[in-house]
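See the structures that follow.
The same subunit A turns up in both complexes below, where it pairs with subunit B and then with subunit C.
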Partner chain A sequence: MERELALLIPEIIILFTVVFALIAEMLRLPRIALVVTIVGLLLATWQSVLLLGLDTTVFGGTFRIDMLSVWAKIILLPATLLSLLLVRAEIAGSDREGTVYVLVTLVTLASILLAGVGDSMLLVLGVLLSGLASFALVAYPRNDSATEAAMKFFVFGSVTTSVMIFGLSYWFGATGSTLLSELGQLEASPAIAVIGFIAVIIGLGYKASLVPFHFWAPDAYEGAPLSIAAYLSVVPKIGAILAFAQVVRDMPMSTGWPLIIAVVAVLTMTYGYLAALAQKNVVRLLAYSSVAQAGYFLLGVVAVGTSSLALQSLIIFSAAYAAMNLGAFAVVMRVGRTLDSFKGIGRKSHVIGVAMVIFLLSLVGIPPLAGFVGKFLLFGAAIDAGFLWLTVVAILNSVLSLAVYLRIMVPMYQAQSHCHEPDTDANTTAVAPALIKLVWVIALLFTIGIGLAAQLLLRQLG
Partner chain B sequence: MYPIVSITVFLPLLGALLVLLMRKSSPQVAHGIGIATSGATLLGALVMWSRGVNETGFAQVEQIDWMPSIGAAYRVGVDGISLPLVLLTALLFFVTFIYSAKVRKQSHSFVALMLLLLTASIGAFTALDAILFYVFFEVSLVSMYFMIAQWGHEDRQRAALMFFIYTFLGSLPLLLAILGLYLGSDPYTFDMRVWISDPPLDGLAAMLALIAMLITFAVKTPVFPFHTWLPAAHVQAPAAGSVILAGVMLKFGTYGLVRFAYQMTPDAFREAGVVILTFGVVAALYGAFAALAQTDLKRLVAYTSINHMGYIIIGVAVAALATDPAIRATALDGSVLQMVSHGLVTGALFLLVGMLQDRAHTRDMAQFGGLIKVVPVLGWSFVLAAFASLGLPGLAHFPAEFQIFLATLQVEPVAIIAILGIVITAGLYLRAIAQVFLGEVGDKWTAATMPDLNIRELLALAPLLMLIIVLGVAPGWVLDVIHKTTIALPF
Partner chain C sequence: MSFIAIAILAPLAASLLILLARRMPVLLALLGITLSLVASLTLLFTVSSGGNSELLLPGLPNMPLRLIATPLTVLLSTMVAIVGSFVLVYAVGYMKSDSEKVRFFATMLLFIAAMQTLVLAGDWILLLSAWELIGLSSYLLIGFWYQKPGVKFAATRAFMVTRSADLGLYIAVFILIASTGSSEIAVTLNTTGSPAIAAGLLLLIAAMGKSAQTPLHDWLQRAMAGPTPVSALLHSATLVAAGAILLIRTAPMLTPETLLVIGIVGGVTTVVTGLIALGESDLKRMLAASTSSQYGLMLIAVGAGVPMAALLHLIAHAAIKSSLFLGAGVFQHSRESTMLEQLRGVGRERPKIFIGFALAALALAGIPPLSGFFSKDAIIAASLNSENIEILLPFALAGTLLTGGYMARALSILWRKNQDQKNNQNKPLTGLVWMGAGLTGLVTLAIILAAAFPAIKTLLNFPLVENISTEFLPEILGLVAALSGLFLGWFVPVRRLLGFLLPWANNGFALAGGFDNLMVRPAMAIAHGCEKLERIFYQGVLTIGRAGLKLGRVARRTDEQSIDGAIFSFVQGTVNLATKARTLQSGLIHKELAISTVATAMILVISLIALMVY
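Moving on to the complex of A and B:
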């Protein structure tokens, strides 16, 4: 018991952080709540680093402490911290400010649980916990569009999660255990394996916004506060993808699961970018782009178990994606939500312009940026696993993605048609731009740094 | 021995950072930094030249671990194929910086972007690691996109976008091929030297990798029917951009053809040799005929580039088909020399067209006439460069094309039909010279509206014109370096 609690220190710290932050909020001390969460996140990150190199399970195999789950913490906890800074910049001083910090941290807790999931009941718990808190976050502005988005999100989430639970009951019936490590027994009953697997794709696919379970994402991102959209597009998504990797690790190959994932990957990438091409609103464009990026993650999931590159590529792309996506959203917070507000911004403030170009080029996957290293490793893993065709499709989609991101980049360097001040929401204080700047500067350092010094990460990953 | 290759590669990057740090300074300071940095880079390239190349393999290799877990490292070095291109690149950038010292529009960004492009270009030619090569290759693409989109002519946005999407689409198959070669190597490595000395793929896999690489380099070179981005990009690009695009960046295509396609999948390349040869012949003829139809002087020069690049492809294909090592070396010598000659000649031509456009604000040949009386220096320089471009003996293209055709005759005599391209280019250049520089002077062009070349323009042009003559009369000093490598190639 003591050993298991010691291994769970990061999760326990986050849990206590949530409790203390909630108490601070109840005392109407939102700044204290923020400080508590930030300190908690930093502490938990530090404790996670100490766990590097372990490969074990706790509580009878229900939760895994392995490379994937430890790195998920090291990536997701700091990403949450950056998101919180954005949240603070956006909603400082508003009603119930502290609740947002609490809910965000709760979603993060669910996400890191998902990334180390070893039992189908924990899987359900993670999806539910992350879902419930996310609905509330989206509904936070309490206006029509946010309420509508949260409602869609909620209905979608409840239905897909129920389907997943239903499907998981088949697995339980066939293996007599809820442990994922027992999934090898499904070798004998491929039909049941596939039914359960499709149910998992539906449940996690909604969390990771895979096509065709992505419909909530653009509305939710648009209705929610921008900082919450940034957060939802990064942390819960990565958590769900890594949960996928944990599930398929024990799936018998004979069920043909890689092919199913590959098909979903193709749909997700292609549909995501095609839909993004048609958007006029930058937030919706980035929402569809994050749908498409989820498809790239699946290239790594496909290769789990067959390629030694699979886990490395997933982790590196997670870190890269977190940095570049948060950075891009931070710039959008600074500049504005429409494509028009980006017009001429690159000429007016060079640094923001260059930063946004770097984030977008990294999302395309242009070297030597983080997105390139991540995608390159993902491609390598997929080819190694025998999915050359999938890699070709992914590469063709990269071209499509260039067209998508150029829709933001091109107007940035056009002459300004009218004088446009960067959007500053009415309730932002003088500290807000500084916080947003801090976030995108950090994201920029990581976007370039991960690209150039990928070895630092790779060495840790063995 | 100090690491001169790395210094040469990254010096411009330092210059670019310096320019960006000094944003507040005057445009003259920015251009001064640009000229000084590119001059120092040229010196670095000359030092590399003086250190020379090895009998076999690569010389001046510098290596640092980068991502040892996946077998990628920072590796640079040169051989007889890349060294002349490095020198050409440094020289072309240097003269382009001198020529563009008049740019006043966002001059700091312009200089920084050009310096970044310089780092990427020299990096691409010296990289000995496939990932590193790809990094430099793409960085050059992004910088050139901004170059065209920001400082181009009237329809620049569309042309820049077309260029970016076209060549980005084109570069992705190379990524696939690199991954294929990587996964075929044992142990996994991105070291290009290993891939060259011991080609990792064979059979169908090698053929697929070759096809992927051919698509990339065909777009970059460009080869008919992948060339449509080129006229648009050239016409809209600023003169400096055109010089670099034609003089340096098209060479990525042909250099890649030799370095990657020919050296890393040699057997597949030999099998596909006749097909590649056909593409080369078609490119050479198509470029010549398309150039014949142009009325815009810049488009004309752009299309002749397609023609000249076609000869290089013929040369490499012939080298692959040849069984006699001596003939193979002749064909490759000609191809590499042609890359250098084309850089000098087309660089000079684009500079001259740019100078003409600065004065006349038009490129339409029908608007001109008798200019040789108004601007004799510009006129005679153009005549010299045009004669070089059409392959006149004694000028830069002649020794290169002569060797290519010599080898072609011995290996695949039918392909000699491409020589028709020379006849057509001769015709079209003579027509252009007659239309623009000879005949009656219109009232429009007087010494006031059209002054002759000033000192800055002369300084930019003189090195290129001199080298065109030197290379035509005595190509030996470059050929020796190239030949040292080509004669020792194992296949």
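Moving on to the complex of A and C:
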């Protein structure tokens, strides 16, 4: 028992952080709540770094402490921290401010649980915890569009989660155990394995916004505060994808699961970028782009078990994706939600222009930025696993993605047709520029740094 | 922190600081280059006592970027730093009255950092990056006075010509990495067979672009539109040297066939551009043509299989040609022109500068005991001992003869006064001290460099010439050619020397109207043709699309009027009811969930069928 608690220290710290932050909020001290969460996140990150190199399980295989889950903590906890800074910049001083910090931290807890999931019941718990807290976050602004988005999010979540639980019951029936490590027994009954697996795709695909379970994402991102959208597009998504990797690790190959995931990956990438191409609103565009990026993650999941690169590529792309997506959202917070508000911004303030171009180029996957390294490794993993055609489709989609992101980049350097009015959007007026700048500068450093230091990171990952 | 990194990072940091601080550009620039020079000299010292070193940087998986300090790379790095520092000292005076010092010095230092990276690079990917960077900074510096007419065009021209030749380098690097599986230059030199031939020829194309070899020599003369320190540093000593350096470094890989092609390209260049220089009426453009010609001589040496001789001449030429340019810059400031007619007799008014210029000119012509004599002698010896002596030797001697000719012609024009030009008064010059200091340093170097040649030879441990059966023959041949060139150039008017060739040479030996007719017009014609073709395709696709749309409309109309009509009125009633009940829901969620469900069902069915089939 003591050993298991010691291994769970990061999670326990986060849990206590949530409790203390909630108490602070009850005392109407939102600033204290923020400080508590930040300190808690930093502490937990430090404790996670100490766990590096372990490969074990706790509570009888329910929760895994391995390379994937530890690195997930090291990536997701700081990403949460950056998101919290964005949240603070957007909603400082408003009503119920502290609850947002609490809910965000709770979603993070669910995400890091998902990343180390070793039991199907923990999987359900993680998806539910993450989902319930997310609905509340989306509904925060209390206006029609936010409430509608939250509603949609909720209905989708309820349906998909119940389908997942239904499918998991098949697995339980066939193996007699809720442990994922027992999934090898499904070798004998492939039909049940496939039914259960598709149920898991539905449940986790909803969290990771894979096509065709992504419909909630654009509405939720548009309705929610921008900082929350940035957060939702990074932390819960990475958590769900890594949970995928944990589930498929023990799936018998005879069920042909990699092919199913490959099909979903193709659908997700292609549909995401095609839909993004038609958007006029930058937030919706980034929402569809983050849908498409989830498809790239799946290239790594496909290769789990067959390629030694798979886990490394997932970890590095997670870090890269977190940095570049948070950075892009931070710039959108600063500039505005429509494509029109980006017009001429690159000529007016060079630094923001250059930063946004770097984030977008990294999302496309241009060397030497982080996105390139991540995608490069993902492609390598997929080819290693024998999915050459999938890699070709992914590369073609990268070409398509350039067109998507150029739709933001080109107006940035066009001459302004009229004098740029201060943005009238209610969500950008309360913004504190200094905090936002801090976030995108950090994100920029990581976007470039991960790209340049990929070799060091890889050596670290063994 | 290793000295390799300092040699590169010091100028780079200085460049960034100048850009950010926007003040004290001179001080920062001199500080940056001094640090780089000290680092290079330290490296030279450690390397000469046998301490090769290597610096690995993270790069692509299994292909780390590497910087190496071997005798060859460090020697080149020292050359870049020394010439760079003298030219920068000179530039302090030259740019004294220019208002854009910040941009100038920042770009110069960026170039020096890139050039140091290029010479110290130990793998192809880093070399490619540096190669691109020097191209970029060359473009920025040629176009420095972009307000002047024609300058923008010259910069773009230089960039486009070298850029298109760079394609050769890209393909060559691709071939080398693909055939050896490593990006390390030293490893890829083990390539043999047809990949080695293909890569060698492609590398030659890249070198021809950067080193301005015929038929790609034209950009270098146009590049003279930039400030003179730029011409002295980039377009004589360093940037154009990149091509020759590339061939010298890859020499162990080059096959006899490739070597012959290299020798012929160098030979043709040295004669063609030598003739252009002889007929040129602008001092800086003459020096530029001469640069191409000298690099042609170096290619002859590479082609003869003695890259060491090329390297010696490269180093000697760097010092000599930079001195010539610096001298030309002073003359230019004195008369506000670079046309030789305008500069007639300027040497008498600035005797000290003229002495420096003349010493460098004699060194370039190959008069003992100046450094050019020894390096040229090595090239002639190399061609004497080559298998292709009957091709290479005439070219090498013709090149030497022409060098003497055009340098003597320039000297005679600069020295001899014309009677009707007495009123051509010199402007008082500002910053002459700085310019004089830079020039003196380089000329001294050009004179005494020969003393360092034996040390360089032992340092590099390159066999200079395999059999020395022809003692004194190369010296005598070279001296005779150089002296007769000088004699002809000084005493015989150029009209008589070139005869009917003169107008053609002045036109850059343009065949059939030059590049415009040979390349630009056909390319444009092809482009127009493609555009027309594309328009036809587009029209075709458009017609198909329109037909499809029309068909769609017809289908919709029948749909709406017959089948839909009945359903629609029924649905409308329901919707009207629902609208009243609905407050927040957009209603779309049903549709979306339905899509999700159908898609899931499809995936499920397909997977189960696939499972049964296998």
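Following the convention adopted for this analysis, the second predicted complex is superposed on the first by the 451 of 462 C-alpha atoms of A that agree within 3 Å, B and C clash if a C-alpha of one lies under 4 Å from a C-alpha of the other, contacts with A are read in each partner's own complex, and residues count from 1 in each chain.
The criterion applied here is as follows: a contact is a pair of C-beta atoms (placed from the backbone, for glycine too) under 8 Å apart; a residue touches a chain by one contact, two chains touch by 3 or more.
Given the structure is predicted, the values throughout are model-derived calculations rather than measurements.
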Go through the superposed model and pick first if A:G93 touches only subunit B, second if only subunit C, both, or neither.
-> neither
Give one of first, second, both or neither to describe whether A:V159 is in contact with subunit B, with subunit C, with both, or with none.
-> second
So, A:G60: does it touch subunit B (first), subunit C (second), both, or neither?
-> neither
State whether A:Q455 touches subunit B only (first), subunit C only (second), both chains, or neither.
-> both
Which partner does A:G176 contact after superposing on A: first (subunit B), second (subunit C), both, neither?
-> neither
What is the contact status of A:Q414 with respect to subunit B (first) and subunit C (second): first, second, both, or neither?
-> first
Scan A:I366 for contacts with subunit B and subunit C and give back first, second, both or neither.
-> first
Both subunit B and subunit C contact which residues of subunit A?
-> 376-377, 380, 454-455, 458
What part of subunit A is in contact with subunit C in the complex they form?
-> 144, 147-148, 151-152, 155-156, 159-160, 163, 190-191, 194-195, 198, 201-202, 212-213, 215, 255-256, 259-260, 263-264, 376-377, 380, 452-456, 458
Report the residues of subunit B in contact with subunit A in the complex, numbered from low to high.
-> 23, 65-70, 109, 131, 134-135, 138-139, 142, 146, 149-150, 157, 161, 164-165, 168-169, 172-173, 175-176, 179-180, 182-183
In the complex, subunit C touches subunit A at residues 58-61, 64, 584-586, 589, 592-593, 595-596, 599-600, 603-604, 606-608, 610-611, 614
Where on subunit A does subunit B make contact in their complex?
-> 309, 312, 350, 361, 366-368, 372, 376-377, 379-380, 383-384, 391-392, 395-396, 398-399, 402-403, 406, 410, 413-414, 454-455, 458-459, 461-462
